[in-house]
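Labels run A, B, C and D following the written order; every chain starts at residue 1.
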Amino acid sequence: MFKIITNEEVGPDIFKLALKYDQLPQKPEPGQFFNIKVSQELSDDPLLRRPFSIFDFKSEEKRVEFIYKVVGKGTKILSKLKNGTELDVLGPLGSPFSLNNMNKEINLIGGGMGIAPLFYLARKLEKQNAALKVYLGAADKSELKFFENKFSQLKSEIYLASMSEELTIQGTALDLWLKKLEKKPDFIYSCGPEKMLSAVEKEALRNNIIGEISIEKRMGCGIGVCLSCSCETKTEDKKNKRACVEGPVFELGEVVLDA
Amino acid sequence: MLNLERRDLDLKVSMKSKNNKSLKLKNPLVTASGTCGNGKELAEFFDINQLGAFTTKGITVKSQSGNKTPRIAETSAGILNSIGLENPGVDSFITDILPETKDYTLPILANISGYSKQDFITLAEKLEGKEELSGIEVNLSCPNIKGGGMVFGTDSEKVFEITKKVREIYSGYIIVKLTPNITNITETALAAEEAGADAAAMINTLSAMKIDIDRQKPLLANTFGGLSGPAVKPVAVKMVYDCYKKLNIPILGLGGVRSGADVIEFMLAGATSVGIGTVNMIEPSAGLRIIKEIEDYMLKHQIQNLSSIIGAAH
Amino acid sequence: MLNLERRDLDLKVSMKSKNNKSLKLKNPLVTASGTCGNGKELAEFFDINQLGAFTTKGITVKSQSGNKTPRIAETSAGILNSIGLENPGVDSFITDILPETKDYTLPILANISGYSKQDFITLAEKLEGKEELSGIEVNLSCPNIKGGGMVFGTDSEKVFEITKKVREIYSGYIIVKLTPNITNITETALAAEEAGADAAAMINTLSAMKIDIDRQKPLLANTFGGLSGPAVKPVAVKMVYDCYKKLNIPILGLGGVRSGADVIEFMLAGATSVGIGTVNMIEPSAGLRIIKEIEDYMLKHQIQNLSSIIGAAH
Amino acid sequence: MFKIITNEEVGPDIFKLALKYDQLPQKPEPGQFFNIKVSQELSDDPLLRRPFSIFDFKSEEKRVEFIYKVVGKGTKILSKLKNGTELDVLGPLGSPFSLNNMNKEINLIGGGMGIAPLFYLARKLEKQNAALKVYLGAADKSELKFFENKFSQLKSEIYLASMSEELTIQGTALDLWLKKLEKKPDFIYSCGPEKMLSAVEKEALRNNIIGEISIEKRMGCGIGVCLSCSCETKTEDKKNKRACVEGPVFELGEVVLDA
């Protein structure tokens, strides 16, 4: 059983949701997601769960946090739920980011709500003494504020970009990364709109940079049974991979992205 | 007998056909093809052997990578899917998937789809004699493959022809799965029965679509999809009810089941067994909960043999 | 033109037929027959003249007291009704109800149902020339009267015949309302068009049922009912989409509309006007909210003329 | 806008719901009902509103109260809603009990949840100095407790019956009424299961007693547009009446009841 302990607006239509759980089937890793039912018990609408990446996780407090944006019916309903509400939640699901980056130079590139899964990742990477540079972009500065605050609690270098206003630069997370990219990192992690990921991937591969991305695919089940989330791959056998089981984290160059 | 307790309850159903074939299930719950993978994934959540039977994801003669994404859309109390029968093809099914099902003790049904009569013949030939299978489900109703299943499924003659061919080849239990996208489903159901089907399954999904109003384009990459989930249940129950009056073979009823009450509703309408599809996508261990709810209903109404309620609403 | 404001928006639609008839509406919203009484009740909540058009409750030649109750059941995101066309008959309609509509400035459409071709002829004759009416809606799709409407509606020849007869008699605007309980709705739609219908309305309700598991009997006194509400929208949108490609007359699309977004979805699929039914039962002033939501969409996408989006999803 | 101020269990599966409103289109009268949407905003399920009779009304506090029993999906969902939740509510709807009973002898006969609409009625009748005898029945004593407490705050004589246990008697509200009926009342009001109402009506008509009943019919709209709630009448023209507009209160002998 999961219970809402925080559900508050932390940016324009951006909410922080903190849940307390009784127990979890396994320890959540960065890049994994939870699948949350937002409808009332017994109500058949909305029918499907909504997937959200782990923003942060604190095992001592039995607490898992998400940052979500209100974009449609499900997130709107979620944003109205009050503290104390019990939620039906499945997870952690999916394959996490790989985490064998002891002492390495790491770049994190996040666009929009794609920033959410990078925070718990960053926390974990810091524990491995990785040197982090974080590149965050969003349409408007106001969408970055909360993330900026959180990331500035870490030791990473932070760069910000928004389309509306010059921060570190005016532009996208990709522009920002390319502009600031001096030294080739050992590994990059990126999450954001598919078009951005596609561009990041192109630049990375061109520069022989390896890394991982996390993608958002419309999901039916989130547990691998329905094949709604199939991704075309660039691997030799071209066998599809499921974003909910083999993903949502994929290696750069592994799956076909919408450009 | 009064004061029945849980241990006294008998949930067994037997799908006895006119051909003297029978599929015996420990309870009426059958997983619906395409919504439960091939078992492994659900098995992580509970022991799937507690269900009545398992139907595998639809297979075709050749491997298929399915439709482009998005392949899924949510609608009011329902979902649209246009997976497009992504599957490794029947040969790989036989070599890779079937052996994996050996660990299961529940009956396994293979769901087959084709683009031509010849496809169904090939599939039946390849599956004939496979011991892992308790039967096959002939999908004459997939709305997601062009020129495919559903076109056959709306034409009683085609239903008859294909079923007859498959019957000649396949000696095991044959379920013919029918489409609801039709004026009168009792006609195709009767055609299947006459051609030798052991049971009729209904319903597959309703043809439907959703438009993304911001992009001003159909939301699914495939334009159309099949509607399933609670939204369609009242349509499915009526089709089962209508067919029960006309058919002499058992019915596998499905469409929108979410609870034990829904299973009871299908059985009262005339279904001998009941499929659970979309619900598994939302709640992987739904089957277990549903069995418990069926038992609760039997206790409340002091019904010892679940099979006694089949068709009781008529 | 950029920076459109609310006052710049044009929501007018014109249902121009092949027969050079036209129904001009100030916005696409048309009340669905049977869900809005005859206007008075809704008028207590808002000025119904703000809607595009009003369709009256279905009338028959003779008065009918309707089916036994329960006549309504709730299903997932939908309702089942089996009202059974309770109405005072066409004569009383003409003497008592029509005069009351004189206060309204919006177009009024009379919805007619029959048990035989002769019924439709009688109804058309009686309504011919009635000035209060902007047109009639010929209901060839009511699932709630035995041997009646829906049986005609599933047979293209019958649709053609009845429409043709009505066309010969009635000189005003004729909308033929079609049933979704059919394999291919484009066939009946084309039959209506060929016979001279000015527009096609789709969809009426889907045949369906619900069983009361405690009583072990159908919940509706009439056993079956018609399914409407959000649950059916994806089916309705697909039918409109399919017909838009084939028809040369305008489509009145309906089924499950609850919001401005839903109206836009039907129009993108190809509907010129859009019916609102079940939603009025839940929210009497839904029409007003929906108009506002349509305007919001037009502002967001800077669309000046709503009619420009008709069929745009193709 | 209506807001939940109380939603608490007052008996077995019986809840008291108190709502605070901003404004009402008209003053609610006893016998009228409100039609309450229990689903989340934007959710399409459950789709229909749920009708509940007014249990009590306090205009000074802008407060209207209901007593409801959890019987299915909608009432179950309603019972889970927390204080502060805003509800979409239509009403008051329907035709009220008639109230021209100054100084008369009145009997109220209520069975099960049919007791709910009789309390506000009783309060109003007392203001008219009517002499009230109240006959309340339920399957189990525990279902009567709350009502007993409430009615005992009035000056009326109260008699109780339950099927499970002897109170004033063991049996139904009808049994109770017949047993205790010594003097013919000037007017009766009754509400409860249709079979009970049918029996009450039969007895009343046989004894030339006049009065009114309130019936529960499955409703689509509650506002008269859908004809879901049509009642066959015994009037000469046999014209149907709508429980939601012409009812839910009808005169004894006016509509056909299921026996």
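In this section, a contact is a pair of C-beta atoms (placed from the backbone, for glycine too) under 8 Å apart; a residue touches a chain by one contact, two chains touch by 3 or more.
On a predicted model such as this, the values are computed, not experimentally measured, just so you know.
Asker: With respect to inter-chain C-beta contacts, which pair, A-B or B-D, contains the greater number?
Answerer: A-B
Asker: Report the inter-chain centroid distance for chain A and chain B in whole angstrom, where each centroid is the mean of the CA atoms.
Answerer: 36
Asker: Any idea how many Å lie between the Cα centroids of chain A and chain C?
Answerer: Each chain reduced to its C-alpha mean, chain A and chain C end up 46 Å apart.
Asker: Where the CA atoms of chain A average out and where those of chain D average out, how many Å apart are those spots?
Answerer: 53
Asker: Any chance you could list the residues of chain D touching two or more other chains?
Answerer: Touching at least two other chains: 44-46.
Asker: Pull out every residue in chain C that's touching 2 or more other chains.
Answerer: 76-78, 229-231
Asker: For the protein chains shown, what form does their contact graph take: line, ring, star, complete or other?
Answerer: Basically all the chains touch each other, so complete.
Asker: Note which residues of chain B are touching chain A in the complex, please.
Answerer: Touching chain A from chain B are residues 34-37, 41-42, 44-45, 57, 65-66, 69-74, 76-79, 81, 83, 86, 229-231, 258, 278, 280-284.
Asker: Would you mind writing out the residues of chain A in touch with chain B in their complex?
Answerer: By the definition above, chain A touches chain B via 37, 44-49, 88, 90, 217-221, 223-232, 238, 240, 245.
Asker: Touching residues of chain C toward chain A in the complex: what are they?
Answerer: For this pair, the touching residues of chain C are 76-77, 230.
Asker: Within their complex, state which residues of chain B touch chain C.
Answerer: By the definition above, chain B touches chain C via 75-78, 80, 154, 181-184, 206-211, 213-214, 216-218, 224-225, 227, 229-235, 237-238, 241, 256, 261, 264-265, 268-269, 297, 301, 309, 312-313.
Asker: Per the contact definition, I'd like the list of chain A residues that touch chain D in the complex.
Answerer: Against chain D, the touching part of chain A is residues 39-46, 73, 76-77, 80, 82, 84-85.
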